[in-house]
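In what follows, a single structure is set out as structure tokens and then discussed.
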Amino acid sequence: MQTIAFIGLGHMGGPMAANLLKAGYAVRAFDLSQASLDAIVAAGGTRAASAQDAVAGAQVVISMLPASQHVEGLYLDGKLIESILPGTLVMDCSTIAPESARKVHAVAAARGIPMIDAPVSGGTAGAAAGTLTFIVGGEVANLERARPILEKMGKNIFHAGGAGAGQVAKICNNMLLAIHMIGTSEALSLGVANGLDPKVLSDIMRVSSGGNWSLEKYNPWPGVMENVPASREYEGGFGVDLMLKDLGLAMEAAMASKSATLLGGVARNLYAMHSGRGNGKKDFSSIQQLIEKMP
Amino acid sequence: MQTIAFIGLGHMGGPMAANLLKAGYAVRAFDLSQASLDAIVAAGGTRAASAQDAVAGAQVVISMLPASQHVEGLYLDGKLIESILPGTLVMDCSTIAPESARKVHAVAAARGIPMIDAPVSGGTAGAAAGTLTFIVGGEVANLERARPILEKMGKNIFHAGGAGAGQVAKICNNMLLAIHMIGTSEALSLGVANGLDPKVLSDIMRVSSGGNWSLEKYNPWPGVMENVPASREYEGGFGVDLMLKDLGLAMEAAMASKSATLLGGVARNLYAMHSGRGNGKKDFSSIQQLIEKMP
Amino acid sequence: MQTIAFIGLGHMGGPMAANLLKAGYAVRAFDLSQASLDAIVAAGGTRAASAQDAVAGAQVVISMLPASQHVEGLYLDGKLIESILPGTLVMDCSTIAPESARKVHAVAAARGIPMIDAPVSGGTAGAAAGTLTFIVGGEVANLERARPILEKMGKNIFHAGGAGAGQVAKICNNMLLAIHMIGTSEALSLGVANGLDPKVLSDIMRVSSGGNWSLEKYNPWPGVMENVPASREYEGGFGVDLMLKDLGLAMEAAMASKSATLLGGVARNLYAMHSGRGNGKKDFSSIQQLIEKMP
Amino acid sequence: MQTIAFIGLGHMGGPMAANLLKAGYAVRAFDLSQASLDAIVAAGGTRAASAQDAVAGAQVVISMLPASQHVEGLYLDGKLIESILPGTLVMDCSTIAPESARKVHAVAAARGIPMIDAPVSGGTAGAAAGTLTFIVGGEVANLERARPILEKMGKNIFHAGGAGAGQVAKICNNMLLAIHMIGTSEALSLGVANGLDPKVLSDIMRVSSGGNWSLEKYNPWPGVMENVPASREYEGGFGVDLMLKDLGLAMEAAMASKSATLLGGVARNLYAMHSGRGNGKKDFSSIQQLIEKMP
């Protein structure tokens, strides 16, 4: 069985690494948090003293870090890439700027290290359940080599294109998600203010041309749907600040390509306004509270 | 079999009336266009000399008109309501302001005339095929009386609430439709500008959290999906100017209720900009052409 | 000296009528509020029992009412126009929809009654001080006949064009005002969040290409400028709900002409959001509080 | 007289350096373009073989470069800062990200090199005429040392605050400029579509509460004002792509500080849309052509 170096054991990385251990892989883990490391050791992993230590002797390297600067900091500025043997498969599962992903890809390729960018969706619940979605950028051969491992952590695997394409696709998807979540919130507020019942309106729009994932799986109006954050005071789920980060990546990508993203831009600014009011840790469907009239 | 007065035989009303004839109803039709009247007479209908003439002796009155002023003009200013016998069922299938619908409801109710507002979605294709969706406002008993007739023209019938609620629900739905159509266009433009294939990106987002009706049924990028307006130069379908009209109704409703519809407002203005460039008759998915860079 | 019928003695109309009395005009006043009527009688005016009573024997009629429906209600539905003698000059100083203004103009013209629409800016302080600005629509000859009277209530008089043009110009101006007020708020928030002093930044932008009336006369950041609402907790001045009403008129005008007003639309929706949080009575520069991060 | 190293002789830098020569300074110039260097040598300057060569023996270093990456590339990656003697005054007049400016400030400070960031406004005409505005970030003592030199190139000098503050203030100002330019365009389009004369409406709004620099100095409607780009088919002036760049800097700053810039975001996206239609080189007031209905 292969040895996997796993760097970054946060809310997502921790349960992902645990699923690899359950599947029988040897995992050499590193994180700055000793508590996170303790947890993975308790689950059967090996504690590495540093990222360099983690990759020594590993056939696969997985990283799951918060942002572009951490990924560039690890592989490039921190020169981890120089400690990785040619032929070792590198999978970065962080959500970062496509440009950053491409930089790391290029340096890896120059050293004969196959790499994929494989950002995920599905949240901490999906990480724990092993039902994440991976959106992969990189060569098909590298994705195929990664697939058996990805399948231990997730159930949907998409190939978006070459280096960085996984990041681009995830960013586009999440911008669209923010847009239809806000649009759904606006439609519900408008309907309720004009006398409709939010559940009745949701049921109509869900199966009509207004239909979208927010209505189907994640209704933002409290009480319309059970077992969604809106029905537990917007706790859990995908946080406002994480959506704000992803919308920031979308704006950066739009600026790089001089693309027009009118609704994406308004969405980003509404999430910034909402976060600035102390809602950064709430679920992103709480944007309903910004749209809906309340003192 | 009941006699139905049918007023307004345009692109939608014509085929709707034809389906009622096919189902065996007697239809007394009126329209200002003789050509439209000729067509319905050829299909077995009776030509009425005026709206008043049409309703004489009918058990049911259906109207399908372009805008609020026509409906108010017909029933109230034109005093048609005074020619309709108490107990006659009135169904207005036009898409109009909820306030206008409620005015007509109130006058009808005062005269003992049961009424529903029953705006449709599904376009001219749905009207011809008898597969429209009706979103109904009014009392349940009146909807149940209308149901056998509606089922000859459509396949989905929703009860949105009391008088005017059908209009509110349709307006909310179409605002949300415009938002996710533009959002989808922005996501596709952003992805393609950053190197992705539009079909691959569409396939990923469709089954991910970005999923929505525009991606599922009506992809706006030319060539991604067969048999949609985007793949025939945006011909047919639901026109830009019709969407602009519905977004105008949404803005009016938002002003009446002092609701905040940020994305809805931007959507309305982008469709106005697009229409102003000579695209009013194109399908509404052609908003992709406004978003996408092109000289 | 002429007798002037003055209808509508609210926060604006009351002091305007008082200035006419000071200038020696005979004023026959009507308002639904007895307290308002008492005040104008105390200032030397005559109490009329109704609008019809007020116009009897007057050479000039001035109305100052809240919204389109009141003006149409008064002159058209209430048939006041039938009580006004041909040749009597009618000045409507309300801010209403251009379409409503044109309707009243048309009916007046048909009866040989010269009319101008003359909406004002300058707020209650300007009304009291007699320093209002009048933006006038109608024939030049009618404006010239009105000028001596307008000059008793204001100091700037603009001729915008024909019937309704005063309303159009005021609506355009106030939409632009809302846009640069919000823009100024955004620039100040952005600068302060990035380390600048709001007064220093205001001073720089005021004399640079960012310069605008909000920076010059009405800085929205508390403490930057003395004697403005921002420095007294946004009390007094021009209320959020009044701006919201004017932006609603702008949106209606944009819909009538199919114009694209992207920033105007966002401005309208931000004011709706701000009003919906209980700020309707605050000065409109309090939009700074919506833009600025605060819990 | 002091020797000034001048790096970057483009449309702005060239005439700025020429003004220093006219004022009697010795200028050691460097640019990648030989033609630009030839021009400055013809004006009395000295040709340097490299940036390092230019700063050798200079008491002052001025840089005027297109973007953040060029300034960081020059001083930091290109290590020019190591060739500059302690005590030499460095003025970077480029418009760049505040964060980039602060990075260079910090490295300079660590080596005992006083520095100011001094982005300009006033365009190429102002650069030629020596009437630029400088918005300066850095210590007051350094600004005072720079002042005699800045006064040879401009007439207004503002101190915005510490390191990077000049950039922040310029970015805020230009975002506000874009907003009131678009707002003015929207107001003019709305007014004209509703029957007003653009010059009459401009005159009214200019002296009313809608007043702003765009109306005062730079009316975007063709023919309203002489000697502005709108009256010469939007040629000359401040280009769309330059405004798009500055709005990109504003968005980056907003993302760094999690600020909400709703109108700024829409402005950025409208300029992107306008640029994407082949208008990148036109004057930025040509946004009127995007707002105004035209096929």
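Residue numbering begins at 1 within each chain, and the chains themselves are lettered A, B, C and D in the order written.
Going forward, a contact is a pair of C-beta atoms (placed from the backbone, for glycine too) under 8 Å apart; a residue touches a chain by one contact, two chains touch by 3 or more.
Only a predicted model underlies this, so the values are computations on that prediction, with no experimental measurement involved.
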Copy pair chain A, chain B: interface residue numbering same or different (half cut): same
Copies chain B and chain C - rotation angle from C-alpha fit, nearest 5 degrees: 180
Between chain B and chain C, centroid-to-centroid distance (C-alpha), Å: 38
Distance between chain centroids, defined by C-alpha means - chain A, chain B (Å): 39
Rounded Å distance, chain B centre to chain D centre (Cα mean): 51
Residue numbers of chain D (touch at least two other chains): 254, 258-262, 266, 270, 273, 276, 291, 293
Residue ranges of chain C in contact with chain B within the complex: 244, 248, 251-252, 254-255, 258-262, 265-266, 268-270, 272-273, 275-276
Contacting residues of chain D [partner chain B, same complex]: 262, 266, 273, 276-278, 290-295
Footprint of chain D on chain C - complex, ascending: 98, 121, 133, 135, 156, 158-162, 164-165, 168-169, 171-177, 179-180, 182-184, 186-191, 193-197, 200-201, 203-205, 207-213, 216-218, 250, 253-254, 256-264, 266-267, 270, 291, 293
